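Same chain, two partners: chain A is paired with chain B first, then with chain C.
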Partner chain A sequence: MTEYRLNRRDFVKGAGLLGAASTLPLSVVKLAFAAPKESFTFAYISDAHIQHIKGKEFVRNWDRGLIRAVAETNLLTPKPDFVVFGGDLAQLGTKEELDHGAEMLSRLSYKTHCVMGEHDYYLDLGEYWSKLFGAHYYSWDHKGVHFVVLNSVLTYDDWTHKRWPTAAQRMLEMAGLDNPNGSPFMVGEKQREWLRQDLAKVDKQTPVVVFSHSPIQKIYKGWNFWTEDAEQVQALLKPFPKANVIYGHVHQIQYNQIDNIAFNSVMATAWPWPYPQSYAHADQHLPVLTVPMNRADPFFERDATGWQFIDVATGRVAMEYNLYNNTNRVVAFNPATGRPEDRVYQAAANRIPPQIHY
Partner chain B sequence: MQRTATQWILVATVLLGMSALAQGAETVPATTPLGLPAVQFPPDNPQTPAKIALGKTLFNDKRFSTTGEVSCANCHDATKAFTDSPLRVSEGINKQTGTRNAPTVVNAAYFESQFWDGRSPSLEDQALHPFVNPVEMGLKDHEPILKIVRSDPDYAAAFKQVFGKSGDAITMKEVTQAIAAFERTQVAGNSPFDRFYFRGEADALTPAQKRGFDLFVNQGRCVSCHVVEQTQALFTDNRFHNVGVGINAIQKDVPALATDVLKTRATMEQVDVKVLSDKRSSELGRLMVSRRFDDIGAFKTPTLRNIAVTAPYMHDGSLTTLHDVMHHYNNGGVTKEGDPVNDFLSGGIRPLQLTDQQVDDLVAFMEALTSPEYADLAKPAAGGKP
Partner chain C sequence: MTRYLLRVTIGAFLVTCIAGNLAARADEFTQKDQERWEKEYLSVVQKGRELWTSPTLGTNGVACAQCHPNAANTHPETYPKFQQQLGRVIPLRDMINWCLQQPLQGKPLALDDPRMVAIEAYVTHERRTVPLAPGKH
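This part shows the complex of A and B:
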């Protein structure tokens, strides 16, 4: 770990080049899925929520989560082809937080693609983030798969530009959960048009993998486990039999199938949602998609967080969750049922019941 | 609560006595020290006095090494609470040193796995490895041991009596069963803490030790790993944690070393040789055994019983005093304040904000964990206390 292949400057350069990624010929696509040796993996780290206290002080817990994810990802054998960081690198979008987070991400010994989270965005509308990581939305092709990064955390212009006296307040309002002053996430018309044009160039049999921060499906509005124009984005993915969406933001394992689109969430490195049920004073109305983790062990401050490595050899997502101090889980697309399934926990009877601590 | 504890121990002792009876007249009536549970004996290796005596002889026999100078007892010396204190790491044949501090045999009977990295599942299995480790007793294989125990008249008679076996029928299974049987007799509780906590003797601890116990379970969070329960206190969780010892010195080498481990599938015999001869690989801890990211730089939680008489500390013997250990934990997993924390540090290890007074109190508490059998070692003349 002495030689960091990426530094912050490389990040900026790399992100700038993404738009120029060339499209692979169709024959390579077929070959990729005919020959297993052509398959590849990539790693996914998300929701680090690096939080500045003052001066050079940051919340140690969140730092440790990201540091560990980066260090472990660097040990993967075989090596992943690239890494995606799924958004919410910062907690309140400040320069200090983004710089500190970028410094930690720069230790990854792989090419890294970044996704915008609302905690990165709502202070300066992604301006400083762009300087570090490049475009807010972009696409590229890799070994026969078309990858798309969307900024799915936009909202109504009126809310963004006219409602708040300060940028800092806007950031805090969007960071709140169940906040009546909040506003639903969306991809927005401009970006949907870009996506339509981007996908128009892609053969319909090509596997498409979309990375977004929020789920491109509607799960729970109060926490923005939600994208307001999800249906319209889904419609653009409709022509692709192998369409996949991978999202962060929810800090837990979720998976779902809507028509042709398979959905997988990723874990946070910072903290898990939901907090253990015993801490909840009211019904949480959480998505029924959620399969609870066995209760996070408070001693292991990293329990119920983690990162993942993914293979898309079948054109569908097989995601292995690397869970700190816990049993790894695999959620993979099951061709027989036509949807993603947890390899172990699909039946309620097989789940580990929540522990009761006195 | 103390009554419940006593009742529990009584029941355990009675049950143990009954099962001992069922195994025949030769079996040993076990006594369970205050603060400890009854020792669990493997069904295929019940205790008998003759077997324990045979195990003790084997444990002390220096002929089971290439030089004829090293027995189990060299590193697990009964007069040093079954350690080689004050050596940092153990010495084998020809003064060769390994990489790890000899853990005490005392109360090893309660561990769910043996060795600092848990690479051995039982005392029986554990006893196999030092004989053939190049830096310990150095034998090429176990044949020289079998030759001796099959031909030496005293051993031949003892194995015949204990196992009903002679000649080639005697194997390392019987040898290690006898050694393990002896080791299972080395249990020690009855410390001042045990009398205070399990018997309610309020004056068994000094005021500083009582404050230390409060810190142990509260602000210090020591109890999270060094477990104390309602009826017993093993002072271990039998788990593995990266507490920032050893690994801190090889942080830059972790990717190369760990990749090597993950790419090659070594047998436990190969791991045994590697971890004692290659200091850098040794510091990967349980990763060498489990090949799990969670276990990078992680070592087994040792018991704290008799800790005041088994210096130096940690898997590599790198910390000389209990105060040094406390400062390491107080710094959040680094020995020198301000040094970089390793990337894989266990989540439970965080700065504790303990004052010097509180550190003193915690050390005082640990000094209350010495069993009467080893109390003499704690006296200043024996070098036990700073």
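This part shows the complex of A and C:
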């Protein structure tokens, strides 16, 4: 068992910078299952949606979410081995938004890996994003774990290349979550072939962690809580007993187990989204395993947003959600049941009224 | 004299009604009427949807739909209700105005502004078939 706690001196040093340290959500986190010599953690920040107004003006609310996540991540002790940014750094994919977001991310004192989101992609198909952050999909090994980043927000060629008169309109059409003119996300044949070849080199007992923006499972098509070729990607992960997928996009807590694959979503730093069942006319499939996050209190602008740090020492994900203005939650793989579970709320009797959503 | 005039007027009115076979009964309406009312209603719902997705309703480019796709998580069926942060019972319109002023950094609408009616119509339309639950949290 390893203890992660904030170093007091760092905390005090950070307090002056943050000015809101009394609300810093990190106290003492105990991670079970982990043998100390194997242990490492990484942090995950996602869905900042930096939104340009005009000139040097950006939407203040979304800026504050990312600034806070970066500042708090820098205070973690012990330090995470790296940070993943899970996509949707920008709102409409512009140079201004990506530059402003990249400048904020550059303050992270750790190596940062970036995932492509649809809000980053559909203006120039990821061209400027690539100049800042590199390849759209890639993999690396770290302390016995194989990590893969996919660009899961591609869609049909016809929609991308032939449907819209301008790139700006294409971006706007995909940016509207509930826009019926949108198109389902997919990894696509080319990238699946790359993934097949990449995984062929990896020993099957190696824990694999895939980072994608969209869920590599089908939850609700209307809001693109969905990946069109999810089953085909899942099939590539099938030979790995310890396969994990971590995704952004949904701005809410979700987790699931499909055969050998454990799924965990991450929170947004910008704003929360309703659960699909909140839309009375949605044919949706939120994993029954998921205990929802608390309903957002709009009077606290950071409520139901946050960031997370993750331990994969067992080859499975133990995710601590740092929830602004809310009690933190831990969703960790339970080896006894073979699925991710909330450490406190999983049993129905333990759930609380704000977890009931309209 | 007055009574005579009244009688003549009523008589003339009745003759006109019967002779003209006017649909003057309050409880009688036709499919055509219903179609017209539905069309009027849906045009206001459509206007509400346009406002809901508009980046120009507020001042910072943020649209209602950014946080509330399909107007979800607005639960209009629970209003009027006690809004603890405001300390009183409010109708949905007060929360719409709160959102216009805070996340959208805009100005509140008059409660009878046609845009307010349109937004409320859209939000309620997306929640149609859900049972009323006033006062609930």
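We adopt the following convention: the second predicted complex is superposed on the first by the 303 of 358 C-alpha atoms of A that agree within 3 Å, B and C clash if a C-alpha of one lies under 4 Å from a C-alpha of the other, contacts with A are read in each partner's own complex, and residues count from 1 in each chain.
Operating definition for what follows: a residue touches a chain if its C-beta (ideal position, glycine included) is under 8 Å from a C-beta of that chain, and two chains touch if they have at least 3 such contacts.
As the structure is a prediction and not an experimental result, all values here were calculated from the model.
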Partner chain(s) touched by A:W271 [first = chain B, second = chain C, both, neither]: second
Partner chain(s) touched by A:V59 [first = chain B, second = chain C, both, neither]: second
First (chain B), second (chain C), both or neither touched by A:D198: neither
Touched partner set for A:T77, first chain B, second chain C, both or neither: first
Superposition-derived comparison: chain B or chain C, residues of chain A touched: C
Partner chain(s) touched by A:Q51 [first = chain B, second = chain C, both, neither]: second
Which superposed partner A:D99 touches (first chain B, second chain C, both, neither): neither
Contacts of A:F299 with chain B and chain C, given as first, second, both or neither: both
Touched partner set for A:Y324, first chain B, second chain C, both or neither: first
Contact residues common to both interfaces of chain A (with chain B and with chain C): 60, 299, 301
Contacting residues of chain C [partner chain A, same complex]: 53, 60-62, 65-70, 72-73, 75, 77-78, 85, 98-99, 102-103, 126-130, 137
Contact footprint of chain C on chain A as seen in their complex: 51-53, 57, 59-61, 176-179, 222-223, 271-274, 276, 278-282, 295-299, 301, 353, 357-358
Residue numbers on chain B that touch chain A, as the complex places them: 221, 224, 251-252, 254-255, 258-259, 262-263, 293-294, 341, 343-348, 350
Chain A - residues contacting chain B, complex: 1-2, 60, 64, 67-68, 70-72, 74-75, 77, 299-303, 322, 324-325
